[in-house]
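Right after this note come the structures.
Both complexes below contain subunit A, partnered by subunit B and then by subunit C.
And now, the complex of A and B:
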């Protein structure tokens, strides 16, 4: 796990220097929230759709983060240095996933706050634990699947569009579960708290599955002639 | 400060560090290596020459476990690359055409990353930077702002920190000034004296004269000439 932490620290340091999350991704995600509100133009409708819109914006934004995470590996062939060493590919995967998780968590927090401010969504004290758990699980799931598919397309030409084409369909269950769980946390009349926890459990299963798959397949996927 | 390049202790029991027999590597339908026969002993320094597209880089990537063997056999450090090429990677250090640096990290941070991943100490990083004559100002500069030569030196410092058993260097002298090239030659000789095996590619004839005891020339994806007849190399 030490090597995974080294890789995660490296990715976060690069992000801190490049400020991609702060300068490009977060503004983009908030802009998506605003545009959704403008497009729907109905307060009750916006309030009902708030949770789904938050996670849809998260999904789009996560692609930018994942793309950047793998660009830094392939731009100067740094991934070859990682792969020709004593570092287990699974450790590299876990490290990159951890760094993506930290960034997505920060982004999710921003977007939930954005939903509260822009859409008037409310979170009662009794729903706070559900919201935090669902957000943590969904960010974990997104980072696990994003890092896995980032590796899939890392050595392909046209990887920008390919990542979206390949990853978005796979994240459909996560989008549904995260939206429903967050909707329950927002105190929606259409879903109760118990159901919110059930959807959160599904998020955990999704995250565990893709983390295991990513750790197992990362080495093979990152090889340029694989 | 002068640092002696040393290697890890996990030695192979077989004589040849690299043993290729009719090795074929196909990339995108094209046989980049078309049946290479090569045997390299521990502690050898081998210069690999050849025109562009003759398979020099592919040969290095094959030995590093990064290119898949299509036919023939290939063993590096007794690892069968046909069945488990990933297993060879802990033994090799590869410096390709690209330097493998992170643009937003400083020169020191790039070398430090390698050190942290293999569990090397801080003084190992200091020694490697000093060995490559990377001063504190350059060490604190982000890789994206370094000159081509400084980036090459940084990549070489990372390689020195690695203490690999097999050094695979693709045009390592490219981008270096004369003094740095001589320094690099010294480092490579030190590495071989410490037991490491070094193969590097070059276009320059003068780089293969004098101090390099063995020169192998590739042509059309096979070994065309081998200046040492004692290594059992055939075309």
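And now, the complex of A and C:
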């Protein structure tokens, strides 16, 4: 686990110096929120769709983050150096996942605030725990899937469009569950708090499944060719 | 590269410079597929009765159900072959080729199942699409395998392609139950009024059942036939790539000698 933390620290340090999240991804995500509002053009409709739109914007923005996370590895074959050293592939995966998780969490916070400000969504004090838990588990799930599929397309030609095609269908359960749980936290008419927690449980199952799969598959994916 | 050229000799009959992917076995399967398909066509259109409620549109079933069945069979084949190829990856690429061939054929049949299904839905439900769990899961499976084929189509080292696509195929096995479960949960929360009978249950008499069964057999034979040919074609392509490389190396050697 110590190695994973070192990898995570390295990724976050690179991110901190480049500030890609701040100058590109977060503005893009907020722009998506604005564009949704423009396209739907109806305040009650936007408010009803707010939770789904937040997570849709999260999915699109997470692709940019993941892409970046692997570009820094495959440029100059940096990841080969990591793996030929004593770092376990699973540890590299977990480290990169942790770094992505931290960034996605920041992004999710921004987007939820964006929904509150732009869409007029409200979160009651009694729903705050649900919202935080759901966001944590969804960001975890998204970082596990993103890092895994980022590794699948790493170093491939045309990888940006490929990543979207491969990763987005897999995140369908996450999109459904995170949207419903957030909807419950936003005080929806149709989904009560109990179902919100049920959806959060599904998010945790999703995250555990793909974290395990990613840790198991990372070595095979990153193996260099003789 | 020796592994690819080695397995190529077993793939197809290579005689006098021409290579075919047919063997006696595939010809028998092909002939059987043609005969049974002809029977299914005749029976589906002329022998089986129209349904009391659905009328003639029930006849779509004889193509739709076998196509959907083959699509799922193909993806199971791909997953199993991918698993084997990951475990025995230092030997040959044979299982990887089977996985790829089966996924290609599977996408084709799943496309057929989706198209015939939505045509039938238009006639029976009045809409092309319903967000029912089975349909939604199938659609996601389709998109997932389109992505899988996109990865396979990228030119790269065959060993690396085999590894990546095998991992992808196994991940799809994880993904699909999760998608299905979440869609079931999603739909059960806001179930809208279903149009007519959502399952489209049809009472099948013996002739209908036999025709449906024949359709499944015919499509299965077509699937096996296509996968065998496609897989041998891939082996020949790999062999050609290897041969081209060896020829180029030999040429360079000749240059240095001269």
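In the analysis below, the second predicted complex is superposed on the first by the 223 of 226 C-alpha atoms of A that agree within 3 Å, B and C clash if a C-alpha of one lies under 4 Å from a C-alpha of the other, contacts with A are read in each partner's own complex, and residues count from 1 in each chain.
Convention: a contact is a pair of C-beta atoms (placed from the backbone, for glycine too) under 8 Å apart; a residue touches a chain by one contact, two chains touch by 3 or more.
The structure displayed is predicted, hence computed values, not measured ones.
In the superposed pair of complexes, A:191 makes contact with subunit C only, with no contact to subunit B.
Of the two partner chains placed around the shared chain by superposition, subunit B is the only one that A:72 touches, whereas subunit C remains out of contact. Once the two complexes are overlaid on the shared chain, A:223 sits against subunit B and subunit C alike.
Judged by the touch definition given at the top, the superposed model places A:202 against subunit C, while subunit B stays out of reach. Overlap of the subunit B and subunit C interfaces on subunit A: residues 223, 225.
Contact residues on subunit A toward subunit B in their complex (touch as defined above): 2-3, 6-7, 10, 13-14, 17-18, 72, 75-87, 89, 219, 223-226. Chain contact summary for the complex, subunit B toward subunit A: residues 27, 64-68, 86, 89-90, 92-94, 96-105, 109, 113-114, 116-119, 142-143, 158, 162.
On the side of subunit C, the complex with subunit A involves touching residues 86, 140, 143-144, 146-148, 150-151, 154-157, 159-160, 163-164, 167-168, 170-171, 174-175, 178-179, 181-183, 185-186, 189-190.
Contact residues of subunit A toward subunit C in the complex are 148, 152-153, 156-158, 162, 165-166, 169-170, 172-173, 176-177, 180, 190-191, 195, 198-199, 202, 205-206, 209-210, 213, 217, 220-221, 223, 225.
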